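Below, each structure is written out as structure tokens.
Look for chain A in each of the two complexes below; its partner is chain B in the first and chain C in the second.
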Partner chain A sequence: MLEATDLMVFYENMLALNNVSIKCEDKQIVGVFGANSAGKSTLMYTVSGIMEDIRKKEEMAGGERITVLGQIRFLGRDITDLKPSKRAREGIILCPERRRIFPECSVMENLRIGAYLASPSQAKDTLEYVFNVYPALEKLKKRVGGFLSGGEQQMLAIGRALMAQPKLLLLDEPLLGLSPLIQSIMVRSTKEIRNEKGISIIVTEQYARPVLPIVDYAFILENGAAVLEGPRDEVLNNPDVRSAYFGVS
Partner chain B sequence: MAILIYGTINSVALALMALGFALVYGISRVPNFAHGALYVITGFIAWSLLRTLGLNYFLSIVLAIIAIGVVGALMYQFVLIRVRGMAISEIIASYAIGLAILEGLRWGGFKGSTYTLPVFIEGSINIGDIPVDLHRILVVGIGVAVVIFLWLFTHYTRIGLALRGMAQDERAALMLGIDSDVMAVVAMASGAMLAGLAGIVLLPLGNIVVEKGYDVLIQAIAVCIVGGLGSWMGAVLAAFLIGFAQILTVVYLGAHFQMVVALLAIILTLILRPSGLFGRQKELEERV
Partner chain C sequence: MEQRRKERIDRGIKVRADGLYALMSWRELGYLILPRMVLIVGMLILPFVMPSMYWQRVISIVCIYALLAVSFDFLAHFVGLVSLGGALFIGVGGYLSAIMNTSFGFPPLLAIPIATIAGAAICTLLLFPCLRLRGVYFAIVSLMYPLAMTRVIEALDILGGTDGIMGVDSFPNRWIEQYFVILMVLLFLFGARRLVNMDLGLVLRAVKDNDQAVRASGMSITFYKAVAVFISSAMGCLGGACLVHIYMWSGMSLFALDFSILPIAATVIGGAGTIVGPVLGCLILVPVSELLREFGTLRIVFYSVILVAFIVFRSEGIMVYGQRKYHQIERWVKV
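Showing the complex of A and B:
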């Protein structure tokens, strides 16, 4: 479904992604794990095309010079040069780190803004589905986004991304700053969304432990390079991974 | 009573002048310093269509407003898009366009007191014992209609909601497939059309003169700063504050102090509450 090959991203001369190739098959959940600044968000931005927007803004403001190399194919089509809004139209939707919900809009409005690419009937169906997956959101319909708790915001952010009718959903650190209880809800719902909607999902996390059980395939990033990849069990049983990402020696 | 009536009329007029500026800034963070020029040139376009080409008054108005919308879109597409995100360059570029329009008009001979648009409805009525002409009452009606329309547009339509999303977090909107450049063109065109509409509605109350362009720009900026930049509901509220303050100044201090009110309001707001009355986005951000 998604095939990104030899991605390299430079911020000025700093190498943020070093020859990273990742793949996501149809209806797979792929995990990307790595410490802070390993390049997880950079990878997500590059795949979703947001990096192009960041690059343009930096260039205009005379900031960092960003260079992106590599090739990205999606559903058999080369999308390397596609604008971010076009990639979203193709079905790649990013649910960003720190959620970035619209703070002044109500929950309902956030979801309806998310439905920008959806037809009215798709929007109606998806809205029902979102409230089905996250019943907590339905009670908060009228609440202003900025006044939600972290967990509620994360539910809203994923719900909003679903409204955009993704074929491939990119979840960037969906568990960041959440309590273990909410974390388990988020993990369970991620699997549910894949099973029920057939959406492929790439999820990044700093700690592999909570997410690894639902992942089909995993990549480990270190300093911008993919140091290890494989099916879940293989990664799970790798002694280096166990010590580095589970705190078990 | 007279203060109440004329204060309301003046406030609604100010709100009309400021809404276009507030809308464009709120959505695309472009401070459109050509706002006043767009206001004035719409008057001249309508005048030309009406007097030179002899079109029907209503038709001239519609054409003039459409034309100014196109001008706004072109302004963004060909000039402002290149300096997007650099506030100072945006101000310089849009102010330069404004200057070019206004001084171009002056150079083209559009000056003096020969240019007037007819009022929409002749005559006046008495409210209590104060005579108010019907056109001024119509101004209030149109102002209220514009605010209601904008509210419905931004709360219930797909494009309107997308514009609000983009105003709050452009990059998050982009992730949902909302193309920020297309939306900014839409915002700029509608902002220009609002400026044009304000011109068409308010210019019949006096002559169409180039100097009004600068005047309107200052009033619009004052209203937007007091209301909180980017918040157009704040702008409406601020328009009433400044509107009534101006009328009170005229009544108790003298007409020539009117302009001071707007400038004083800018200075006081920047000293006492720099984010304006409705600059509450910051407060929310801190919570998150």
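Showing the complex of A and C:
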């Protein structure tokens, strides 16, 4: 479904992604794991096209020069040069790190903004579905986004991404700063969304333990390079991964 | 497949001149001093190379706008307060200096410093209520004061009313006038550049980035913002005080919005956040606007076109672009 080959991203002279190739098949959950500064967010921005946007802004302001090399193919089409808004229309929706919900809009308004690309009937169905997956949100319908707790905000962010009718959902650190209980809810819902909606999902995370069990295929990034990849069980049983990401020696 | 990308790296001499080692060779010293000397010497010989009295007067006006632009850049890009109060500063400083001169008989060179300090204090007091708030309030309030001031002066017929205050003394001669404003611009320019790298400047930049974190570090952000507004309105009031002695008249046109808007345009063209950039912007914009005077009202159209072109094609500004070319080289490298 998504195939990114030989992605290289330079921030000025710093190499943020070094020849990373990732692949996501239809209806798969793909996990991307790595420590801070491994290049997870850069990868997400590059795939969703936000990197193009950042590059242009930096160029206008005379800041860092960002160079993006490599190819991205989505549903058999080359989308390397597509703008982020076009990519969203194609069905690649990013749920950004630290949620980035609209803090001054109510929950309902946030979701309605997300539904900009959907037809009215799709929007209605998806809204029901979101409240079904996250019942907590339904009670908070009228609440202003900025006053939600971290977990509720994350639910809202994923709900907003779902409203845009994704074919491929990019979740950037969805467990950031959440309690173990909420983490398990988020992980369970991620799997549910894949199973029920048939959406492919790429999820990044620093800490592999909660997420690894639900992914089909995993990549491990280190300093911008993909050092290891493989199906879940293979990665799970790799001794290096066990010691580095699970704390099992 | 071979891929190439353009690489930017610092020049060797820039790296060597960064530290104390710069003192070890004339070449590195020259590299550091050259751009500064070009500006300083260039400003100092400007009055000599101007062809006529008229253009010498333009230089003084350039310097007054430059003071305003430095004050705008300092407030907007190092403290995070977007000020539209250029007209307020000019007006308060101008009227104070005119009153000092006509009513109390102070000579211009004494009236100007007093008007600068007192005017800065008045402006800070006027703007103090909106310093606690973040966002657009400061800009609105600072824009509102000059509008209100003109109406108050007109309605109450105080401070000379619509006629203004006549008979203000001029500078002893035009050389003193020009060198006074030029030296003041250079003084405040390099002073502000030093200030933003001192401890106080660091706190102010932190206030711009995240005021909650600064408050959490136990500092009163309102106090620091007030200090910044005082410094920046002092620059503006100084400009206004000089202006009334140049024109020998103080009137309601001191509160004209040109004084608020043109410094912003100069900052955009010169390069935001560089402090030197706005001065360069004024050196370009003010003479250009004088040259365009022949076109009458079409002047504004040309002016707007220049501005828009700059924002679209070079929004980083001349100074940011120039600094990059001076300090760095570019070359193609194989990936």
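Basically, the second predicted complex is superposed on the first by the 249 of 249 C-alpha atoms of A that agree within 3 Å, B and C clash if a C-alpha of one lies under 4 Å from a C-alpha of the other, contacts with A are read in each partner's own complex, and residues count from 1 in each chain.
What we mean here is this: contacts are C-beta pairs under 8 Å (C-beta built on N, C-alpha and C of every residue); 3 or more make two chains touch, one makes a residue touch a chain.
Just so it is clear, the structure is predicted and the values come from calculations on it, not from any experiment.
Colleague: State whether chain B and chain C clash or fit side by side on chain A once the two structures are superposed.
Modeller: clash
Colleague: Please indicate which partner A:69 is in contact with in the superposed arrangement: first for chain B, second for chain C, both, or neither.
Modeller: Second partner only.
Colleague: On the A-aligned overlay, A:10 touches which partner chain: chain B = first, chain C = second, or both, or neither?
Modeller: It touches chain C, and chain B stays clear.
Colleague: In the superposed arrangement, does chain B or chain C reach more residues of chain A?
Modeller: The partner making contact with more of chain A's residues is B.
Colleague: Contacts for A:116 in the overlay, against chain B (first) and chain C (second): which applies, first, second, both or neither?
Modeller: A:116: touches chain B, not chain C.
Colleague: With the two complexes superposed on chain A, say which partner A:93 touches: chain B (first), chain C (second), both, or neither.
Modeller: Only chain B is touched by A:93; chain C is not.
Colleague: Go through chain A and flag every residue that touches chain B in one model and chain C in the other.
Modeller: Residues 60-61, which sit in both footprints.
Colleague: Quick check: in the complex, which residue numbers of chain C touch chain A?
Modeller: Of all residues in chain C, those touching chain A are 3, 5-9, 271, 315-317, 320-321, 324, 335.
Colleague: Residue numbers of chain A touching chain C in their complex, please.
Modeller: Chain A residues touching chain C: 8, 10, 12-13, 60-63, 65, 67, 69.
Colleague: For a test of understanding, state which residues of chain B touch chain A in their complex under the given definition.
Modeller: Residues 83-86, 155, 158, 161-162, 164-165, 168-169, 171-180, 182, 280-281, 284-285, 287-288 of chain B touch chain A in their complex.
Colleague: Report the residues of chain A in contact with chain B in the complex, numbered from low to high.
Modeller: 48, 50, 53, 57, 60-61, 83-85, 88-89, 93-96, 100-105, 109, 112-117, 144, 146-147, 153, 160-161, 163-164
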